[in-house]
Each structure stands twice: as structure tokens, then as C-alpha cells.
Amino acid sequence: MLHVNHINAFYGKIQALWDISLNVHEAEVVALVGANGAGKTTLVNTISGLLRPTSGLIEFLGKRVDDLKSHSIVELGMSHIPEGRMLFPNMSVRENLEMGAYTKRVWKNKHKTLEQVYDLFPVLRARQRQLARTLSGGEQQMVAMGRGLMSNPKLCIIDEPSCGLAPIIVQEMFGIIGSLRSQGIAIFLIEQNVQQTLEIANRAYVLENGRLILEGNSQDLIQEEMIKKAYLGL
Amino acid sequence: TTNTFAKDKIVVGMARPLSGPMATIGDSAFKPIYDTWTDEVNAQGGIYVKEYGKKLPIELLIYDDKGDLGTMTRLTEKLIVKDKVDFLWPSCGTAFVFAQAPIANKHGYVLITAEGGATHVKDMLPSLPYVFVSLSFSDWYQIPVLAELLGEKGAKTAYITFRADLFGIEYSGVAGIEFPKHGIEIIGLNSVPPETKDFAPIIKKAKASGADVFCAFGYPDLVLPATGTSMALDYNPKAWIGGPAVNFGFYHTTFGPAAEGVLGFTTFACSQSKAAQTLCDKLYKGKPEEINDWWGHPLYWAGLECWKQAIEKAGTLDQKVIREVLATEKFNTVLGPTWFENGLMAKECHTGEIGQWQKGIFEVVGPTKNATAKFVYPKSIWPAPPKK
Amino acid sequence: MITTFLDIVISGLLMGGIYALIAVGLSLQYGVARVLNISHGEFIMIGAFGTYILYKTAGVNPILTLAICGPVLFLIGFFLYKTLFKILLAFSDSAEIFEGKSLLASFGLLFIIQNIAILIWGADIKSYSFLNIGVDLGGALFPANRMVTLLFAVVISMTFYLFLAFTRMGKAIRAAAQNPRIAGLMGVNINQVLALCFGFGALMASFAGGLLSMCYPITTTMGMEYTVIAIIVVVLGGLDSIVGSFIGGFLLGIVGSIVTYIEPGLALVAYYAIFIILLLVRPTGILGK
Amino acid sequence: MSILEGKGVTKYFGGLAAVSNVDFSVEKGEAFGLIGPNGAGKTTLFNLISAAYPVKSGIIRFKDKDITGLKPYKICRMGVARTFQIVKIFPDLPVFSNVLLGLHFGHSSGMSSAEKASLALEYLDFVGLTQVKMAPAKDLTLANQKRLEVARALATGPELLLLDEIMAGLNPTEVSQAMELVNRIREKGITIIMIEHVMKAIMNICQRIMVLHHGEKIAEGSPREIANSEKVIKVYLGEKAHATC
Amino acid sequence: MDITTLKSKKSLIWWTVIFTIFILLIFLPFYTQGYAVVLLISILVYVILTLSWVMFSGSTGYMSLAPAAFFGVGIYTSALIGKVFPFPITVLVGGMASFILAILVGALTLRLKGIYFAIFTFGLVMLIAYSLLFFEIQVTGTRGRFVIVMDYNTIYFYMLGIFMLLLLTTYLIKNSKYGLALRSIGQEEDAAAHTGVNVVGVKVMTFAISAFFMGAVGSVMATKLTYIDPFIAFSTTYSFMPVAMAIFGGTGSLYGPIIGAAILTYLEEILITKFAEVYMLIFGAILVAAILYLPDGLVGFIQKIWRRLMERNHVDT
């Protein structure tokens, strides 16, 4: 459903992405692995329209999206849960979540989805009136995650969701990702918890210095020496 | 500034507030006068200067001082030092007159002021031989006349509100001296800072005081809303005086027949003389009533006439000679014989001080010798608000 | 005594209504679109002149004019954003930079608009008299034109508050105010939303201008004075709060009314003193977060 | 000898007790871990120690001196440095200047500017940022920004260093590197308090760990004791301790 | 050639240029007549105000709209004591009065950030103006005051002296650790505090130093106004213009604000004299255009062109 074809991207004069091509199919979890600064965030920002590729092609659900603005891409059913939470600081938890359901397609059903999200993260229900900016780091991460799910997406891009979460919540989060897949939602996951990510993912790409250097079935990748050494700390 | 080259025009320089907060005053006070007057003189070929043996047209060089005093002083210096204009015409506003007068005087430039005048200009004038003041003001001779008029009618008490600035302080101060002389006690006095928006509390207080006379000494931004509020709050003192504002055409167009009986400051009415009628036609005929100004316009006009005649009499553009003429001789203007006395336009030349709206005309009611209509006291009440 | 007090408070409310009305538009433009629109007062001026001219030349009821001038100014505001401010936004690296630039741009607009207005309408004072009648409220008289203004201020502000708090577009506007990039990720068309805000701000300014012209004389140079009032009210109330502006307006109105009653000479001193003290106590305004 | 001591430390946000009546004591030279569920009050406790927030009640002593109520810069100059969970670098200043500031203001030694400059480079080298030293700090990746914060904190010459989740966002290999960094800091004789959700790091580095939950201290002890505490497993660790980030 | 010698060579050139300009400026009254000096005084006033403004606001990002307050305090000081004391003392007192006011204000406003600070400082100007107005009316019973008049050259040399002192001060601050501290405050105040910067102290002190210069220039300027009242002295123009000029010139460098102030003042002079009727229109259009097309201020633009030229030269050689 997502089809990235030979894209290049720049920050000013510095090239951040080099000739990237990748695919995500329906109901599949695809992991993107890479060291700090490899360009993972840059890549997903390019896909979701926050950054414009200088060349190459991106297709989503058969539609060309690399020249669309991010708001139009969301309409198509892609949801991007950005790195570093990025909440609306002066809106309440609830309003933040509601914003996730902004697209016309899902706005009407927002109460139902909201309940589902609260069920996933009960803490948020308790804090629904609190301003996002006063939440603890981990609580903010939960809101970001919940907000991304509110749009009822077909593809969900998640950038480092477990960052700053207590171990027990991290477990739940992987559980959530698993259940999303079983609902038929495709997931494109960036996660530093590489071991567990590869265990849950169907396929994975490895990014280094802005270039894809490896791709394949995640079970196979776990066995790769190079992966073990560079990303699993073994 | 006399020069040996053949001269073909008289250059007059001005720093005027074309923009900024003072533009409102500048635009409606001196501007229409110098525009009309200059056109008229130039249509006749200009001013005859004997020294050159011909008529020289007037050319205006106008700078925008933005209503900023620092800019005005700088531009005045520029006009004198750099542009070497032949004459200087005045800037706008009393404070500006105070700041400009010493500069003009220092350089030996004759300056006949327009918008602005105040009691303490009288103290300054002896040290500023080149400065001549054309406008009438509080004790020159408006408030004494007002006090006398009211006293004669038996007014006993007055409530004064004034804008907290040079103008307001002066008028209320002079009223404090003149009113008691005619048996009028001031039972309420308050200042309002510029940009005050709410006059209801003041009007209510004035109403509660029961004073015979209500005075609003301030600019239109005070007088117009104070009038409106008086109407709305059904406040009907026996005399309601406000200015400068009541003397303008826009006061009448704003309130229409409701303006009946309101008092203000004035200089003339068209019906006063043939010359007055001619000037009225020149300035106002076929134009919107808003632009009328019964107080300042005739005085500025007379000031310019004096200036022109002084040049003609002097026969030269030498400021020093012209100053002598201005200081000592009499001129024939729209006001009749006109002259300056210690730098002030003599009060004998004024053709009126106090005006009152009567049937759509701002009649001169004081001093009595100049009156074009009888002073109506008490004024009729505002048109009654429609009962709900 | 009590009636005097009531009288003062009601006068204050009427005044506050005008202040609030002046401020609401700016609150929207700054709170959401982050444009501290120094030319806000010029839009008020245009609204006022539109009303004046229609009343004088065609006798159109000033209240009716609101419906004519409002949409026109909305369009002007909308397109101004779509052209000028959109470009500035695109070329600003951070929110602060955009704020600085847009402030300066609006400063430029002030000059341009005012000059054009002076060229068209002159700089002299204009005024007309409308609803200069008293309305009897519990034994005390109040000017009818002020009551109309108050009524409009309340209705307009309430409508806007409800709009922002509860509608989808309203939420998008607020989200855009806080993090436009991420609002885009939620599906919000930022430029559209911000342009709408700016347009609505101009529309409010025009309403304010129209209603003001019923109570005060107007001039083409009057803008700055009202901009200052608007900024003070908005900051007093707290930036991202329409309700705050409303409360701020009333607060100033009532304080002004009380002080004017006691010593009119201190009315403006009191405004600024209140403002300064309040900010010291609550550094982000009454309802600021 | 305890370098930092807290007694009955309490902080409310409105009605919420973010930190409530917590006692703690950190020994000189040790690495002290601070863990607990999200929203437990860990960062708030750091904010109280470093005086970002005023303490509602209780007392905090550093080197036997009461530091409650002091200004943040005073506390910093006394020898307490910190990093921020949500990074607070000086985005438009070069990386180098970020660190230099710490040297200029963190302690009052009569170093010449050349000495300061070379020390700043040393700290950058220490955290591995030499290559980007002239880049504006905002251009660094998040992980590098966290390293920069560590370097800046070190530059103030601290005796006690508060590290708030500096390993968040690192992959296991990078976590190992970061752990090594922390150990090297400790070798310099700097006492460390670290907040971390990465159990591998906490368990390996720290001698003692304190667990907060709903603002209260629910456990304290050696890593082994904590890892086996029923209570901690129930509210925080879950069945298998996996978080890396 | 290594970097340091290159740098010192470059700065040597700079210093020579600056020195030459100053020498020219000092002798200017002796080889020009009349009005040039008057205009230069106006330019210097704005240059000094803008540079002082940038000293504090440029680096900390606290947009102060208080220049008019400090400038006005200077003006009023001059009007009050100018006739009694020798002029240098008047100027010093004007500066010190502003300095003290700034310390008071600074200590009060520490909690305010962003636009709240800007508007607070604006409110301060208005509060002072209206209070003074009330005081003058109620207590002294007057509104305006006359100020001693001095000849242009004297005024000019005072301005020039203040300007040189200011330039030196700014330069020293900018290149000291306090300059760095100010910038760090501008970017992340909390972090600065936790890195040992006495945020309050540094802010207040810089604010006060910049106020000193504004006050001093105010007391000199007063003599050119000849007559003042509270609203003339505390005119908000002097709060807004320095901000516009600084942004127009670019706040990043020392010479940006100077160039910005000089050009805008001169531009305005041309417009109000040559195109008085449409002065605002043109001025506004230029402002808008500058913001659109000169995103880093005039100086940023010049630097860009300069760099391009250098690059081309490199290619050529």
C-alpha cells in the first residue's frame, strides 16, 4: 500500500536521504532500524509530507503523494505519530486526542474511538482534562500514540513509541501494535527496542547514513551478525 | 535672504502634520486657508515686491512632520538652513508654536502663527520679536466675554471639565479667574486625560451638581462624545459650552437641530459684513458644511493678508524690514482694520468671541457690540428622547 | 449609594463592552495566527468609515452596515493572509521569527492603509449622531448606542467562544495556534485555517469600527489608539483566550468607570496601573495558561 | 558520607501530589538510580533538587548545607548539575558555545579563556561530539543533543550530576556506549543520580535504586532487591524487563 | 596562513575602517555647513537608541518597548535640571535616572516572557506619561516646559561621544562571557539558569546599561526640542522605531542596527520632505518589501551578496 521509489531529500545543502526505495503491504508490520542520526525520522517525515523529497516518487494506496501537503495525506488514511510527542501543549488531553480525529472521515465517530483509546491507556482517561504540557514525559507519549490512532488509519507510522515509557507500558505497547495488525492496519515502525521490534515485525529495513543497506524478513535479520553487533548490543 | 539674482517666486516653507495624530487638526484648520488663499493670490499673479519691480507668485514647500515635535524642529531648521526658503509659515499646535517660535526668531524669520495660542505665549513674545500670534484664545478675549454674557443673564454656578493639556488647563484656569468676577461660582472642576472614552460619569456628576453652566474645554474627541452623552443622559444645563469643536461645521452636521443653543468660540458670522460674506463664499460655498470653522479660519486668513500687505508695504523680502512693518502698521483684512499689538493680533480687531448655534447658523452672540444674534439663555432642552 | 454604585458598574460594563469588542479580533489574530496585528486599528477605522459614509450618503442604518462592511473586511483579511503572511510563515524558521516579522509587516500595513485612507477621506474629524438617547435602567439613564455595542460585544464574543471551544474548525484553529506542523499531520489545512482566522479578526475589527462610530468621532488617524487598547485588553486577558479578552475588557471598563467617577484625571493612569499590576501578579494574563 | 539528603520533600500541582514526603540520601561517589512508572514524580524530584520548582515542604541538603530556597544558578555553582528529560539546549548557539557557557558560569575558577576553550573541547571529546562542535546545537539528533547536555553539565564542574533519561531513544548498542560514558563520569569522582526506564542500564550502573509511585517512595535498595520486589514488578517492571528506550 | 592570523588581519581592517569613520565624523562639523549636522544628530539619536535596544533585546529576545520611557526620562531630566547644572552633569543624571528606573522595572518584570514583557514595557511608557501629566496638572499646574537651547555642534559632539561609548560597551559585552550568557538566556532561559548563569542579574544589569544610554541621549535630545510636555517626552514613536530599525538592519551583528537606523532615518527624511503626501504609503511599502525580501535584515542580505561574490572570486582564481 505504501510504495517509496528512489527518493532523495536534503536539509539545506546537506543530503539526508539517498535513493531510498521501500514498500509496506497491507496488514504488515515493517520495522525501520538504524543508528542515531541515520535518517529514520527524516525518512518518515518525507513520507508523511512534512518534508519534501527533491526527487523520487511516493505512492500511497496507488496515489502519488510526494507532492501533497501533510493534511491531504492524512485524509487518505495515513497516520504519523511523530518522534518527540509533539502534543498541542495548551489543549487538554482529550482535545489532543480529538484532534487526532480531525479528518472529516472520522470526526463523527470520535466519541467511540476516544473510548477505545481510553481503554488502551486508562491513565489518560483519568487525566483527560489536564493540559498536555503538564503531563509527565511518559504520559505525553501515550497521548501521542492515542492521538495517532484516533484517525482510524490504514497505515500507521510510529516513530519511537516506547521512548520514555515504563517497562510495563512498553510491553502493552507492543501488544497494541500486534492487535492493530490483526485489525488489518499496516504499521511502519521505528523503534530502538530492536530485539522486540524484530520479533514482532514481518519485515525490516536497515538505514545507515541516509542509505538503506539491508532489508528482509525480520526473522532472518535477527540472525545477521552485523545486526547483532550494531543494534542488539550483543 | 535678499539676493541679487532675479527672483521669480516667493518660496514659503512649512512643516505640517500631514500624517500622525495631529493631522486631524492640521487638515481642517490652517490647510484649507493657505490652500485657498495661495491659489487666490497666485491667480492674481502673486505678491508685488517693489525691490524686484514685479509680482512674485508663491510656491509652497510642505514637509510632513508626522505630528512629532522633534521632526518639526528639525524640518524647520532644514527649511531655514538648507532650503533657505524666503518665508516660514507656521506649524500646527500650541506646543509646536512654542517649540518653533524660538527657532524662527533665532534665524530672524518672521512667523505668524496659526493653530495655537495661549496665555503664556504673551510672556514669551517680548523676547521673540519676529513672532506674531493670530489666533484668539482664553483671556484674549474669549473667556472674559463669556463670563460677562453669562453673568448678565444671571448664571450663578458652573461645572467645568477640561482636557488635561495646555489648552484645557488654560481655559479652566482663566475661567477660574473670570467667572467669579461676574458672580459665577465654579462648583465642579475636573480634568480628563486625552483618549478618555467614557464621559458618562462626568456628565452624571455635572447633572447632579445642578450647575447653570456646563463647560467642556477640549478638542472634538472630548466635546463630541460629551455632547452625545449629555443628550443620552438627558442633561440640560442652562448653558452648554464646548470648544474647540462646537465652532466647526461638523458639530452641526453631527447633531443637526439638536445643536440649537450650544455655545462655542467664534470669530465671525457671514452676515457680519460684506467682507465676511465674501470670505464665506470663497471658503465654503458649494462645499460640505463639515469643513466650516467659524473661529480660526477668518483669523488665519487675516494673518495671511497682513503678511502680504506687509511685504508689499516693505517692498522687499527682507525679513527685518517686514517685521518692522508688521509690528507697527495697520492692515486692511477681512476683519476690517487689523494690527498686531506686542505680537498679538489686537483684540479690537476680533469680530467676535462667543458663538451660539441658532437655527443652523453659528451666530456671534458676544461681545454684544459684534453680535449677529441675541444670546439665548437658557438654551432649549435637547430634543426629547422618544419614549419607549 | 447603592444606586450610584450600580450606576458606575453598569457604565463600566458598557465601556467594557466596547473594549472587549475592539480586542476580540486581535485576540484571534494573535492568539491563533501569531500575527500581532499593529494595523488592527486601521481595520477598525475602515469599518468606522464604511459605516459613516453609508450612513451619510445613503442613510443606511449603521447596524445594518455591519453586515455589509464585515464580509468585505473578512475578504481583505483573508487575502492579506493568503498573500503576505503566508509567505512570511513559509520563510520563517521558528514561531518567534514569524512573530517578529509579521509584527513588522503589519506595522508597514498600518502606514499603507492609513495613508490611503487619508488620501481618500482626508484627515479631518468625522462624526454623526445615532441613538444618542437614554435608556432607563432601574432609575438611571444609559446611552442607547452603548447598550447596542455591549449587546453586540456579548453576542459576538460568545459565538466565537463557542465556535472555538466546540466545533471541529474551532479546535483546528486552536491546534494550529500551538503547533502548526503537527496540526498539519492531523489533517488540518494550516494556511486555510490561519487565513480564516485573520479574516475573522478583520471582520471583528470592522464590527467594532462600525459600532464605535455610533459613539465617537472618527478620523483616519484614529487606528493606533484602538490598537493600543486592543493589545492591552488581549494581553490582560491572556493570549489564547477569547473569554480572557472579554473579561479583560470589562475589567478595564469598570475600573475606568470607578476611577473616572472619583477623579477623571486619573482614569488612564488607572488603566495602565491596573494593567501593570495585574501582569505582575499573573504574568500570563487573567486567563492565560 | 552522604552528599545529598532529602527529608519529607513534597510538591503539589494543584491538588496532585507529584512528590509527597520523600526521604532520600545519596552517598558521595555512588550512582543512584531513580525509577518508577510514568508520572511517578521522578522528574519533579529533579526539579526540586535543582530548584526549578520551589519545594512545598521538606528540606534538601547538599554537602550538609540546606539548599532549599536557593536560586538555580547558586545550586549549580555549588556543584549540582543536571540534564533535562525534554532537552533544553541553546539551539542557535554552536555546540562548542553550549559547553563553554558551563565553563564560564558553572564555577568560579580563574581559568584563562584559552584554558576554558581547551577544556570545552575536552568535554566534547569525552561525550563524543568533537566532529560537530561548530554546528548549531539544533541540528544535532536527539541523542546527540542529550550528549551535549551531559557535556554542558560536566562543564559546570559538578560534584553531583542529575541525569534525566539520557538513554531514551538509543538502541541497545548505543545504550552500552552511554553506560560506559556514565561509568567514566563516575570514575572522575562525580556522584550520579539517574532516571532511566532502560533497566539494563539502571541495573548495571547503579549501586542503589529508589522507586517512586504516585509521588511516594515505594521501595529502595540494591538492583537485585528492586528487581525482585513484588511491588515494583507489579507497578513498574512487568513480567520481563525490556525497555531500551 | 592559519585562521587566527586571518581573523586578526580581517579585524585589523575593520578597526581601521571604524577608526577612519570616526575621525571623519569628528571633523564633519568643520567642513560641512548647517543642516548636515542637524540631520546627523537625528540619525545619531536613532542609531544610539537602536543599538542600545539591541544590546538587551537583540540577544535575549525580550522585546522591550521601553526605549521611550528611558529616552523620556532623559528628556525630562534635562528640562528639570538643565538650567541649574552644567550640561555634562545633566547628561549623566539623565542616564543614571534611566539606569535606576531600568533596575526597578527589570527587577519587577522578571517573570514576564514574550509578548507580555513587550506590552508591559509599553504600558510602562504610558503609565509614566499619564502619571506625569496628572502630576504636572495637579501639582505644578502646567503642562509644558522649556528646555535650554544649545548650538548644533555641541549637541553633535555629545551625541558622537555617547555613540562611541555605546559602541565600545556593546562590543565589550558582546565579546565577553556575558554576551554568551545573554544569548543563552534568549534561547533557553531555564537551561541557562541551571548552567550557573545568574539569569536575573545578567538581564537586569544589561537592561539598565542599555537604559543608561537611552537616558543620556534623551537629555541631549531635549535641547533640540526646545519645548516639551509629558507626551512629547514620552512619545511611543521612540519605542517602536528602534525595534523596526533593528529588525530592518538585522540584529545579528554590531553594524546591522547602525545601518538599519541610519538608512531608515535618512529614508524617512527624504520621504517626509520630497513625498510628504504619500510618505507613509512609501515607507510602509518599503517596510513590507524589506520583510518579504530581506529575511535576515539588510545586513544579512549584504552578507549574502558578499559571500556570493567571494565564492565567484574563488572560482575565478
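A, B, C, D and E are the chain letters, set down in written order, and residue numbers restart from 1 in every chain.
What we mean here is this: a contact is a pair of C-beta atoms (placed from the backbone, for glycine too) under 8 Å apart; a residue touches a chain by one contact, two chains touch by 3 or more.
Please read all numbers here as calculations on a predicted model, not as lab measurements.
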| item | value |
| --- | --- |
| Joint neighbours of subunit D and subunit B, given as chain labels | E |
| Other chains in touch with both subunit D and subunit E | none |
| Maximum centroid distance from subunit E, chain identifier (CA atoms) | A |
| Farthest chain (mean CA position) relative to subunit C | D |
| Approximate Å spacing (C-alpha centroids) for the pair subunit A, subunit D | 29 |
| Computed distance of Cα centres, subunit E from subunit C, in Å | 31 |
| Gap in Å, rounded to a whole number, between the CA centres of subunit E and subunit B | 39 |
| Distance between the centres, which are taken as Cα means, of subunit E and subunit A, whole angstrom | 49 |
| Overlap residues in subunit E, where contacts from two or more other chains coincide | 130, 134, 137, 277, 279-280 |
| Pairs of chains found to touch, sorted by chain label | A-C, A-D, B-C, B-E, C-E, D-E |
| In the complex with subunit E, residue positions of subunit B that touch it | 16, 18-19, 62-66, 68-71, 73-75, 77-78, 81-82, 95, 98-99, 102-103, 106, 164-166, 169, 173, 191, 193-194 |
| Contact footprint of subunit D on subunit A as seen in their complex | 11, 33, 35-37, 83-84, 123, 134-139, 141-142, 160, 162-171, 191-196, 229-234 |
| Interfacial residue positions of subunit E with respect to subunit B in the complex | 33-35, 38-39, 42, 45, 130, 133-134, 137, 141-144, 146, 149, 221, 224-229, 231-232, 235, 237, 271-273, 276-277, 279-280 |
| Residues of subunit C defined as touching subunit E within the complex | 30, 36, 84, 87-88, 91-92, 96, 99-101, 104-105, 107-116, 118-119, 228, 231-232, 235, 239, 265-266, 268-269, 272-273, 275-276, 279-280, 283-285, 288 |
| For the subunit D and subunit A complex, residues of the former touching the latter | 13, 36-40, 43, 85-86, 139, 141-144, 165, 168-176, 197, 199, 235-245 |
